[in-house]
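Here the chain labels run A, B, C and D in written order, and each chain numbers its own residues starting at 1.
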């Protein structure tokens, strides 16, 4: 009478389709980097009135979302973000999702995106979110500490180059009264030194004094914190007592420092694992 | 004076790290399926008081988010969802993101997730979303129409089997007064026919009369709609006129019908492309 | 006393390196094509005095080696060869080497190469083989019959184009007395029709009468043969008897026919499996 | 008049099938190991009367073929062989075949196999090769020096374990008069120390005095050799002169030493590149 028995058997008949899935396990002993990029964020930033050249609320929300990802996946040893992108570095020896690339990148993309909407109000207040934003992602593997550091240096150099350009560009427009086309022409073929010079001589701005979050982007790492909590203890003689307990917890901590040079890495020797493993 | 020149040059020095990206282009002439699954949705559904065995709000929100994905990526020819999963089928000949698997799956995962949070209030009203939810995804390729249909049949058969079990289980608990352990024991080793029988003889419920959305899940397809709009036209003699214009638009349309048998596919011959291409 | 015990234990310590192997299983329900190409065969053919534009011995040896591969791996349904290349098509549903791409292509490359040296003397007689030749290979997947046929058509069209060019070129040199540079210049920017015309009007050669093996390459397929063998039978009453037994055997069979059009495929309907599977 | 024009155009129509090839470039900055294994060499060794437990001719031919591969592809920094297998290690920074895995492994498999047949007579003399042998291959990537050394240690430990077993087994059979079944039973559950003890106490053989080529396998590396050649020089004043010129050449050199410990690597510091690159 009920058709379902047939279906019940049919299930096994269909189950062969599972074998079309392919294995995309990441090579062992490599750092796994997941990088997200905002989709059509140029348009998104216009529609949501991001201030130029940098919008503190938007950067804050990106970092809040990245923090949320790290707290969910504590094998991420460092994240680095700038503009509408964020990179998440999983430790060499991670076994999250059995190192399956598709699981790692979709989970990061999903969690980051839902966090972005979830925390929007905390950063943009009354300014409404007009539609759900999108981020796409990719996975890249790096076999050595040198390669990984060079990857992060590449992203921070990119941040620097873009921010320097954008800062001069919008200064020329907002304070210099140029049209955007004029500003573009003015900056064509200028080197970094020329741009610094324009800022300094025409607008009395020392670019190096601009906020580090704009010039350097944001790095999130784990820091060990001492935490003192009060614990309720029952003693053998049925007495009770309050005791102070100090324990160590890992907390996600943000900085806007240089990660190209050696100093950062010497100060945080626990981030990278030894190459010789 | 400014350190940035050095960095500027450094950029090219670091740029070699780009070459560590690998190409994950999907094989041509295959259907590309992206399937998303909720992460820890068992716990999530408890914490957000989903009703059992099915929560109409939750299913509605899933489908609202899937619709949002389809409207954003119109090469998705059909989506199918049930419980906390949704599958998106890209047409064989799609060239979205140059068929790069990582881009396709992260974008779907991201857009779906941000939509889920964005539309939450429309479905759950005053019930607050406690934290950002996560979905992970995968890409599977299917070379033939038969394989693709079998994939969708597999998911719909899975929907049926789980829903039949859950419906009987919660009926035994909610109306039969059994504990969850008792209900579990009762259902051990029962076949589909036995479960139907329990429902019918003990609770006077014909399972086939349960809402199709629960028994069959939700399929989203594109439907051509005639749309009549008023258009303001300027005539050559400087007169103006309002005219009625009828045009065809594609709209995402939901159904809860059987997609295992041939009827659905015969009624919608445009979904699949010919194998002989 | 013996250091080896230590090594014995060491084995398991090292065995983790196995996990660096990646899975390269070919997508199910696709034709698997392995194509081999001679390495530096231009030089090889010079050093071994191949006749121009075609050397019957060299083509014969290629086909002998391909036949040897097919006899070893009978899931190869058709092979196609021309010049210094050979393509081997595994049936859609093959499970040889669990469809692992690396195993399939290395085994084909290896077996073909050792056969080439092994059978060299049968084709080149007293002309010695000066050094071991090399072939490199690749795997390509084709999801539909149409795609597979187009792949084979592509190779046969390539054969045609190259052979037409080479035939005219060497006719101009060998019979027309042109230098190779002059012949090259003469053929620059000529179309197929022009080349046919040169052959016909200047040398009275109808290209279509050239040997099909040169114009069409070589296809190897399986043919069912009736084979009559004498069998020695022991009867129950201890008598013995010779009986004639007819049995069907599959044999590799070569042809030099057109495989672009439908006729070949209609005459051999067993080569391809139905798309609808 | 000639059908070929049609075909000429057809070529471009078919050429789309090229896009079904997938990119299998190996991750940068990793060692690329290609390992070959004899196919059905158990049977092959029986049919060609290999002596047991080791056949010097067979090992010599394997190494001769491996040397031929190395001389052809000088980015192979070390090869290691034992029994019917050989591993070839390409340097981290190699760009041979643009690091395409399929090209690398098929070329190695092909060249090794054709060499095996080509040099057969030099090792087996009058004993004829009955049919073309096959080797299959695979590619494995190792990101660090430690991983690569552990891979080689794994293979050498495997050599040791198998050779110890085989040596005792065939001593028990050939000198102890046991059947193969009895020898098998005798060795069940024995440890390395037990096997050494059997050899020593019953047959007065110290396993460590067995030939290193059997116990340790064969490593091939590049050695710089001073070579003095006579060169004919024309002087400006039209005189001619013979001069002795000393130049450095790399030659493939074999050893049968331990490659598990540090000594070998300290003596040959040029084989591995620094991890920190």
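We adopt the following convention: a residue touches a chain if its C-beta (ideal position, glycine included) is under 8 Å from a C-beta of that chain, and two chains touch if they have at least 3 such contacts.
The model shown is predicted, which means the values in this text are computed figures rather than measured ones.
Shared contact partners of subunit C and subunit D, listed by label, are A, B.
For the pairs B-D and B-C, the count of C-beta pairs in contact is higher at B-C. Distance between chain centres (mean CA atoms), subunit B to subunit D: 52 Å.
For the pair subunit B and subunit C, the distance between mean C-alpha positions equals 46 Å.
In subunit B, the residues that touch at least two other chains are 20, 22, 27-29, 141, 147. Taken together, the touching pairs cover every possible pairing of the chains.
Of all residues in subunit B, only 27-30, 141, 143-147, 275-277 touch subunit C in the complex they form. Those residues of subunit B whose C-beta lies close enough to touch subunit A in the complex are 1-5, 7-8, 10-11, 13-18, 20-22, 24, 36, 39, 68, 72, 97, 101-103, 105-107, 109-119, 129, 131-142, 147, 150-151, 153-154, 157-158, 160-161, 164, 191-193, 196, 207-208, 260. Those residues of subunit B whose C-beta lies close enough to touch subunit D in the complex are 19-20, 22-23, 25, 27-29.
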